[in-house]
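Two complexes come next, and they have one chain in common, subunit A, joined by subunit B in the first and subunit C in the second.
So, the complex of A and B:
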């Protein structure tokens, strides 16, 4: 009695199965048709794209640049994790009529003349030392270690739910006389206001 | 990184920080084409934030990219869980390729790739919360329904790692490992208040507070409750169960971390009424009625530290307590006019253990992990008695120890080739020892393509119930040996553009010494009638071969799709018949569509499976169910709303139940074997979450 009533629904089940198969065929078709599309992004390619965007969504005091038309310089200190992705992304990009340039620094060097400074994970415990070196200067420090913003960095990357996100320390940014666009603040995972 | 922080806090091992990203071995070799990078830099900040960089922890006990894991891995993220309106871990797992959860209105049982034996409480799956084992020592149960002690709202992601995992995790990692990673205090960052109402008069509530303080202390505290009247009327052969499907649960969850130390504690108590008159109890009996209670409590303290020279050290101390109680109405005097007698079944176990591991990478070529575990079960108690007149029918008490040690090496043979090999030795005071190896070759010929060839062995130790449960008609079996499995798998993972990802797998699994209830001739004299006595014995064997395909797409406009299909050909080599509760075809499809400004989403889920054989040899009809969820966030600041309709087409479908789901039919007086149990039809839920 019990099973007999269940079989009344068999035709509907078949229909559902047919629809599900149809959908899967659709999905397969989409995969094929997009096969010529590009490769998946790597974590550091996404971070590189963010770096270029940061340069666009932050305002520096005028004394941060040598001249009116000086380029915005993205410095990388420590091992460069971006390969050639960052140089290729920077090509042709401008922000407020300034070009964007890349400069690399050794871990021991004083990173002079850059407006954005990316502190590579390879710095390890030296991170705080480098942060101390640029403290007070109008430099947007960007890092990717766990406690970067707590250590006095302005923007720290984080992986959340397998996506690249970032935290912003507003107080540190203000101390460095940087103005961060509200658009950037809105996308940040968290914005720290207190010291 | 909060994700890594979680892993470090609650994981057993972790890599040196620089290795966690794993992929950037040779940027020149793995560079994407020009156009791709240009498109990245031109994406909006929101789009960049939503791009996925996949990592998984549970497959090798350290965080790694899914493509480098020595297994077929699926990750369900928090976003998918909320947008698709999943109510319990059971809902989450039912959306995952190759998984299907049966439900008998008492417990939900997790099945993987053709294996879901009725009456098995999911013991062939290892279920963990932040790396802490939840399968208990009495029944091995992997609780995934309302008895899963963590609220789904607290889940950051669920890692499903298919295939044998005993080479790292020991017992229960037989067909797969499910690691539930919970949210941290900083992810909640404030207070959350959530409540839902749904069909069957179902109410839930949750209050959570989470914060990371300036002094590095991170805290999460949460409490949840659940109450449901259940399905009002359920028709069974010869009787209708009225108001006998209700359930309730209370849960508490605490998490705190400070620098290298982290502490986690949880408690869950679930009460469930059973409408199904199982175990020859009285049909539709209300006073007393058939019910069960499951209570789990645990605490876990972990210290993880990275020392100079790439030494990663981790140790954890844990405590677990499980308590089970149940009430059976029996008509001993066979007079339906008198009140049924009560038989009570109770079990409890208390355990504490230590885990320690150390890993180090050598010359960037080897990542070697060495670890050990010791667990002591202070008590494993099983009791059964009749209440009035009081007759104690079972009083089994034992204690025991488990010692395990494992070694794993992830060897970068070439920039495009990894050999992941490991072995684990386990000693059980109940049955002796077992050795389980696993090896995987992971070949990455092009940036978007990964091939894996995996071989592994795993075991499931006989549990306390199987060894020592004895009653009027059953006897214990102290000589039980562990179940054993050997699995080979080939996986092909392919990314197609930035938007599509596919995984194709072919697998072959061979199981022996399966523990089944058999007859025993106690006095070894075939002439006497002792053969009615039951005993768990290593009787069964099984083979399953199959293939699985999973395709995930992230289309323009934020549309996300996930489709999977699993084909399994399973067989009991002794009978040449397909295994019970083993669908040949299993298909899933889900699509999430942002309807308005990344604030309103519609999600559709479809889950279908072909017919299944029941224990009695009947066939259950194939079925397909559709779930629809509308989800919105931030329409009002801090407020999330979701409305779901489950089983939208009101499909009638059933799941198989074990052969001890029998009762005396009130009309015919015959013994009726239930064999299958009907599931819920169309139902709905609305849910509000407020964050402040």
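So, the complex of A and C:
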């Protein structure tokens, strides 16, 4: 009897948990689906998520941060294509016990003090200029143009079969003293090692 | 119980081997079982650890693939699970419940979160591993591992291992115990061999080899001492037995021992061959040897006495005849005593003595005695006769004198003078008056007659006196004879006689008269009658008297049924009855009580003396005489009871 009731208790709590989980999942799904229902899943939403995630698979040298606890700054240079999706992603997120901040730079501005720098498609030919500007600095440059990686960027988004993928230029990253997690490398579409 | 008996039946070598082997095997098995339990317990923990490590690694490795929504990469990572055979399938579940990647065949319900990270099911194990990146659960790895077959495989492996170890251990233990048991069993077996030699050959001179170990040394030493003592005692016993046998066999009689129930002999001394001609072996082999060799006339009596004595458990002695091997009749005196065991007769032991010679001597003595008795009786009779004759002769002198006197007187009598006178008177018959008156002779005749009558009267008186004297003398003779008869009665001799012999003697006396009167005799004389102790002559007198009476009764009846029944039976321990029944005139009931009275007779011319004196005589010899009749014309029966010899 006791055992049965114990197992009953257990199964009850488990069922409770399962219900709440289901509810959470359902809520998530509902929220998500309501969002996607409002506006179809946008390429930039995915990219924004990726941008945040990149920070989690990259290690910066210690001098990249002003202080031990200073936040990881994601800089956006050029026109911000993410709208409110990036701030939404960042909100409450941390990586390596650091907060994540978003800073926007103008195309001509020197993107100082950021660890991740997204180079907007809007930069156009100025992209190489910006890259040259941050070269040697521990900044993870992320672009969305076709030949961004060949131009000297670290990670370049690409659209493959209607899904967002990316290439990584390892050499550039090493030059920038960035350690890219092998896991990240494993999911990249291509990893360029030669200069 | 059966196993215990089976083990206790084993030879000591096997037993010892078993003794040494059993604990070894038991220990091996227990240790094996403990190891198996231990192994299984730790296998589960190890398995859990292993599965969780794999899940953690895969989860960690797949963070990027999850983060960057790369199912291909995720699938590739999951594919690395192929290295673990037991992992059957895996899923990477995103928080929204969608499956990012899949490996193998995952059949269980996908679970995003679970209390237990490891769920053991009947034959498999589910692992629910959250994939966490920077403190956030980004996905869940579900893994299904085949635990059952791994477990079975493990059990099989351990089983084989344990079996192998047990086998090898047992083999080594068996070898060792076989080698070690010799240390213990060899001395015991040597001792046992010695004991067997002693037992088989009854050879107590054999000795066991001295053993070096303490206990066995003591055992063999003691055994040898025991053997020595037994050897000594055996010798003494053999000697004693020989002595005893010699003694028993030297007894001039058959010493024997037999079972109290079936009288089967268990021991018979050698003398049996000498006395009866049957060797002891023959006595022992035949269960009823004794009964089979008894004299037919004695068999029943002897067996009965024997049985009764055994039943009463009293020592007994009896004599009977046996038939020897050469058909001789041997008189045996048996003395037996009963051995009891547990309150009932168990064995009988005793002695058969050959008393044939003794019996013969007895018989001779008896015969001699009888002849002596006869002779003395005859001598006594002669003496009596002499004395009677002497006395009678004395009296006869007087009788003779009286007779002579009477004869002389009668011869010289004057009777002829009287005749002359009567002749003269007849001569003168016609002229009697004239003669008496006229004739001178006639005139003297009355005077003459007167003198004659006077003379005759005197003579008569004298003769009367003489005859009286004669009568007195005759009476005297009678008295003498009667006195002698009385004397003979008093001095009557009692003898032991067979009733049959007595009856036969009495019959013999009357036989002629029976034949003459065509009387049929019907005899019924029992066999095995005891001897009677009587005065032969009185008994004969009674019987002869009774026979004569019977004959006269049959004659008087004048019937066609002329039979005389003679029956002799034993009526009690000390009485034998002789019954004489006739088909004669019988006795009236009122006479029946009086027939033994003095002077009573129913016979014409009878003197009433026979039955009275017969009854008296019967009493005098310790018996009695009784009569019985169903009435006149229905015959009579007289019973003479006689006393048996003590």
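For the reader, a short list of remarks on this structure follows.
Just so it is clear, the second predicted complex is superposed on the first by the 155 of 195 C-alpha atoms of A that agree within 3 Å, B and C clash if a C-alpha of one lies under 4 Å from a C-alpha of the other, contacts with A are read in each partner's own complex, and residues count from 1 in each chain.
Convention: a contact is a pair of C-beta atoms (placed from the backbone, for glycine too) under 8 Å apart; a residue touches a chain by one contact, two chains touch by 3 or more.
From a predicted model like this one, the values you see are computed outputs, not experimental measurements.
In the superposed pair of complexes, A:193 makes contact with neither subunit B nor subunit C. Counting residues of subunit A touched by each partner, subunit B versus subunit C, the larger count belongs to B. Contacts of A:69 after superposition on the shared chain: neither subunit B nor subunit C is touched.
Of the two partner chains placed by the overlay, subunit B and subunit C both lie in contact with A:183. Judged by the touch definition given at the top, the superposed model places A:84 against subunit B, while subunit C stays out of reach. Of the two partner chains, subunit C is the only one that A:96 touches; subunit B does not reach it.
In the overlay built on the shared chain, the residue A:50 is in contact with subunit B and with subunit C.
Comparing the two interfaces of subunit A, the one with subunit B and the one with subunit C have residues 13-14, 17, 21, 28, 46, 50, 53, 57, 93, 163-165, 183-184, 187 in common.
Residues of subunit B that touch subunit A in their complex: 1-5, 17-18, 21, 23-24, 27-28, 30-41, 43, 45-46, 48-55, 75, 77-79, 156-157, 186-187, 189, 214, 216, 235-237, 447-448, 495-502, 551, 553, 555, 561, 563, 565, 587, 589, 606, 608, 610, 618, 620-626, 649, 651-654, 676, 678.
Subunit A meets subunit C in the complex at residues 13-14, 17, 21, 25, 28-29, 32, 46, 50, 53, 56-57, 93-96, 163-166, 181, 183-184, 186-187. Per the touch definition, subunit C reaches subunit A in the complex via residues 61, 63-65, 67-70, 73, 76-77, 95-97, 112-113, 115, 133-136. By the touch criterion stated above, subunit A contacts subunit B in their complex at residues 1-3, 5-10, 12-14, 16-17, 19-21, 23-24, 27-28, 30-31, 34-46, 48-50, 52-53, 57, 81-85, 88-89, 93, 121-122, 124, 145-147, 150, 157-165, 183-184, 187, 190, 194.
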